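Each of the two complexes below includes subunit A, the first together with subunit B, the second together with subunit C.
Moving on to the complex of A and B:
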């Protein structure tokens, strides 16, 4: 078990280094922060002064080494645009993003999993087709289209809810629904597929042939076995809690991490982009680790496999 | 126990009453409306400091609500110079201007503006840092009092650079008395008054700056003289301004103005239609009809002090011959672009100049005429064989940029030019010196009412085109210095005409396409007029709620 965890940790650190390096190279080679932050209309002297002040006129490898050295000392740098430390800028935006993504995750779980299970248990019924129709629609309609449709209906036509901004809890309703419905559709489809596969397994037939009641067989055998692919998807969803709302935050002018990322990338505000990427990568890696451990809890065969590698 | 609980309840009730009643009373006493405005961007630089926010979008929130200069602009008139924080000014010599300050002007912190604030505004701590003025290549050393301030210590390096570009040869500002100052320039300069009215020459509170903990803290809540003051600024989100009731120009008509950043155009229009905002800015021309289809709303705005250009890199092998560049300029049917993509809501200007130049405006100048036959003749004469010419393009950085580029490429194709669009993500990719730079877009403004502020500033020896190595012309560089320093107005106008001839005809550096325009959607029942600029005027004379 210890070896399993150490391997995963080592691999995670390598992933983080690769993410940071890749972002550094791509962002620095594809745009000059001085020109982007100061704007093309700024005097050339001002742009040159900005470059000097932030060390952007040093060779790329010098900038890279300096950046990495600072990271190892726990310093993610300052925003070139804002002047403040990147980590505090990102930290300020996290609550706003979580205020959307956590309720949206609950909607996904509460709506998607039961709908998928129900559709599988009533395969080929009218209810199954209705659930799958909605799931396909939710899965294929892009979030920005769904968001705009909801705004047109609930903000412009009915006037019930605000269309954008972040001034009260009411402002969160439409973006949460937009995020939640799309994810619920994904979960419903995966859960249905997983359940159908499990329901057709020989051990289910055996259980039913032995006289185990249908409900008990479903709860005791089908649901735990079908949970593994669903848990994988949920793991991804948890991993993307911090950066999974980029489009929705833009559509609803919600000042979260996603919007900060868009602005920071557009301005090549490297320290801020890197801070967000590190945070997102760390969340994703942690979520995957937890999912791996959950596999062991859900499936004894995998648990034994992990012990085997320890 | 009961007594204790009751006293607690009474105390809590009292505290609640104390904290809510006065506010309620103020709200009842102040029946001025509050408004909200949806904008695409509040500030590119995340600050509200004119010396750092060098963009058009910044102008909208900075003028005329916050920043004011000694000489202002007539925003709703022809953008000409008008007395603002100075009531009058006169020339002492070719190098010195004296200004009388308006008495009784109060800063947002309640201090009265004096000559000391003016000197500080143009001093090293706030403006010039360690830079020295230069004139005709000569560095002029300046001795001045350096007041150590916390904000001044971390003055961003780009701020002095911007300031020096605006005031390259300003030696010092002299206090004559509490309400009189003199600006001393190192060289003769007929544009000093124009420079005083330009973006970046506004007056700040010396005490406000000194008391700021950091420069960024200052730059996010500057203490100024405008009719509204900053109550809250959350970069990339919202800017909340409240009325500055001691404003010298009279009590502002609005209690509060909120600029809300809404990047998506459809979201801005939806916010207007749902009543969440009263104004939605940056409306593309193709959306105007849709917005005005609802009789509750109208779209205002129009041309601004900004022209859209196509720029040429004369070092590209196909563009070395000026005849090829001239062919480009004659192949464009500019009026067709204005009519089709702008619904006729902008105009084709008379080259890179504006009427507010006054007597420097060359009225009989025009952009090259649309003459495909002439374009074909020039290409034949130049021996152009149809080799590809790259056109680096940003995706709608400017309004209608991509469709305009597509139309241009077709027009150029009609005369035999093989222009190929290459999409780029940002300005540094666009301006990169790597091979393949030939044609690109730009826009030029005139920060003050003289061609020095535009054609010299943008295409002269220190302008962007020459600095990035796209274009250069020996005669243009020589007469740029003359235009900057000559005091002979007739000669200056002659020089300016010659510059237009060089840059737009003989050795084209660019060609002007059309004047830019900006459109603001608003509730029709609000009595407010848009300025011919990004700036939004919410002073007493421009509001009928």
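Moving on to the complex of A and C:
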């Protein structure tokens, strides 16, 4: 188990280094922050001074080594726009993002899993077809389209809810629903197919053949098995709690991490973009690790594997 | 005649309009060992899954299955739940996938003990251990905490049998119990089933495509073909004097254990597809004794000798009977 954990941790660190490196190179090759932040018609001396101040005229590898050195001292650099530290800039946006993604995750779980289980248990019934139709619609419609449709209906037509901003909890309703419905649809489909797979397994027939009532067999024998593939998707959703709302935050002008990312990328505000990517990668990796450990709890067949190799 | 334990009458099953069983009549007496043989798809497993209400909802089941007078077809779930495992237990072909992979085997056996004998906690665990001992599981106490994937196929089948015994059933239906196992393990499991039958007086229905397995274990054999029973007789009689040309074909396809080697005789043609079932005898297209009458209507299962019935208008040479047998009263 310890071996499994340390191997996984080592691999996670490697992933983080790769993410940081990739972002570092791509961002610097794809645009000049001096021109984007100072604007192209700024006097050449000012631009040169900006480059010198931020170390942008050093060779790429020198910048890279300097950046890594700083990371290990907990310094992710400062924003080129207002000079504040990237960590605090990102940090103060996190609560706003979580205010959308955590309630959305609850909607996904409370709507998606029961709907999927119900559809599987009533396969080919009218209810199953309705659930699946909604689910397909839910995840084929992109979130910005769904968001705009909701705005059109509830903000423009009915005037019940605000269309954007962050002034009160009422402003959060539409973005939370937009995020939640799409994810619930994905989860419903996934849960349904996992359940159908499990319901057709010989051990379900065995349970019934030994006299276990249908409902008990579903709860005691089918659900624990169907949970195994479903946990993968839920883990992915938890991993994207911070990064999963980029589009929706933009649609609803919600000042979260996602919006900060969009603005920072547009300006090539290098330190901020990298701080966000690092944070997102770290949450993803943590969630994945938790999922892997959960597999071991849920599926005894995988426990031996964990004791051995990763 | 004493009332049979289980009586199946006119049992028919179809899936999406395609027939899988076309009127099966079969009785099993208390403590009797009956085999149901036939090739894959002939309906031998479906017969018992239908009897216990274990077929998927899309299956259309008609006819009657009674357990000491209680009708099981269409019975409410509460009645079926008590019968399943409590009076008729069933074990299956692939023991490894027939056990729930996420539960320890002790828990799976204890579940049956709780349902049918009201045992819980320590009592259930102790009884589960005793059952594992009874089915010859080595180191039974430790095995209670094992998961199915930690055991071999033969051991898992022993667990299945222990679980089946947990409810003290009057009858065990073993659906191809040895097909997925190695030959040496097959013999052990068959020996175990025979031993348990001796000890408990439980009736045994063995569903198999393997005539050798059947010969060792059962007193009476029913041969099925295309959703019907075509011959029913004592096991030794079937091997010495089969009456139905299909049963004769099956035996001719077995390699002889004594005497000179001979080429094995295959039955020509194939089983008719469910959507193209002949109007008359389903075996007629492959039958060497086919006559015009065979294609008119399916022949009834009729007595060709005492305690020997065959569904054939021209039953085999072994039995001396008139070409058109008399109807047997139901």
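Here, the second predicted complex is superposed on the first by the 307 of 310 C-alpha atoms of A that agree within 3 Å, B and C clash if a C-alpha of one lies under 4 Å from a C-alpha of the other, contacts with A are read in each partner's own complex, and residues count from 1 in each chain.
In this section, a contact is a pair of C-beta atoms (placed from the backbone, for glycine too) under 8 Å apart; a residue touches a chain by one contact, two chains touch by 3 or more.
All values derive from a computational prediction rather than experimental measurement.
The superposition on subunit A brings subunit B alongside subunit C with room for both.
When the shared chain is aligned, no partner comes close enough to touch A:22: not subunit B, not subunit C. When the shared chain is aligned, subunit C comes close enough to touch A:224, but subunit B does not. With both complexes placed on chain A, subunit A has more residues touched by B than by the other of subunit B and subunit C.
In the superposed model, A:213 makes contact with subunit C only, not with subunit B.
In the superposed model, A:45 lies in contact with subunit B only, and not with subunit C. By the touch criterion defined above, A:203 lies against subunit C but remains apart from subunit B after alignment on the C-alpha atoms of chain A. In the superposition on chain A, A:68 makes contact with neither subunit B nor subunit C.
Within the superposed three-chain model, A:301 lies in touch with subunit C and out of touch with subunit B [touch as defined at top].
With both structures placed on the common chain, the touch criterion links A:164 to subunit B but leaves subunit C unconnected.
When the two structures are aligned on their common chain, the gap between the nearest CA atoms of subunit B and subunit C comes to 50 Å. Overlaid on A, the two complexes show subunit B and subunit C touching no common residue of subunit A. Within the complex formed with subunit C, the subunit A residues making contact are 201-203, 205-214, 220-221, 224-225, 228, 298-301.
Considering their complex, residues 49, 52, 54, 77-78, 81-86, 89-90, 92, 94, 97-103, 111-112, 115-116, 147, 149, 160, 163-164, 166-167 of subunit C touch subunit A.
Those residues of subunit A whose C-beta lies close enough to touch subunit B in the complex are 30-32, 35-50, 52-53, 79, 81-84, 148, 151-152, 155-156, 159, 162-166, 250-253, 255, 259-260, 263, 266-268. Of all residues in subunit B, those touching subunit A in their complex are 44-46, 54-56, 154, 156-162, 164-165, 214-216, 234-238, 260-264, 266-267, 270-271, 273-276, 425-429, 431, 442-443, 445, 462-464, 467-468.
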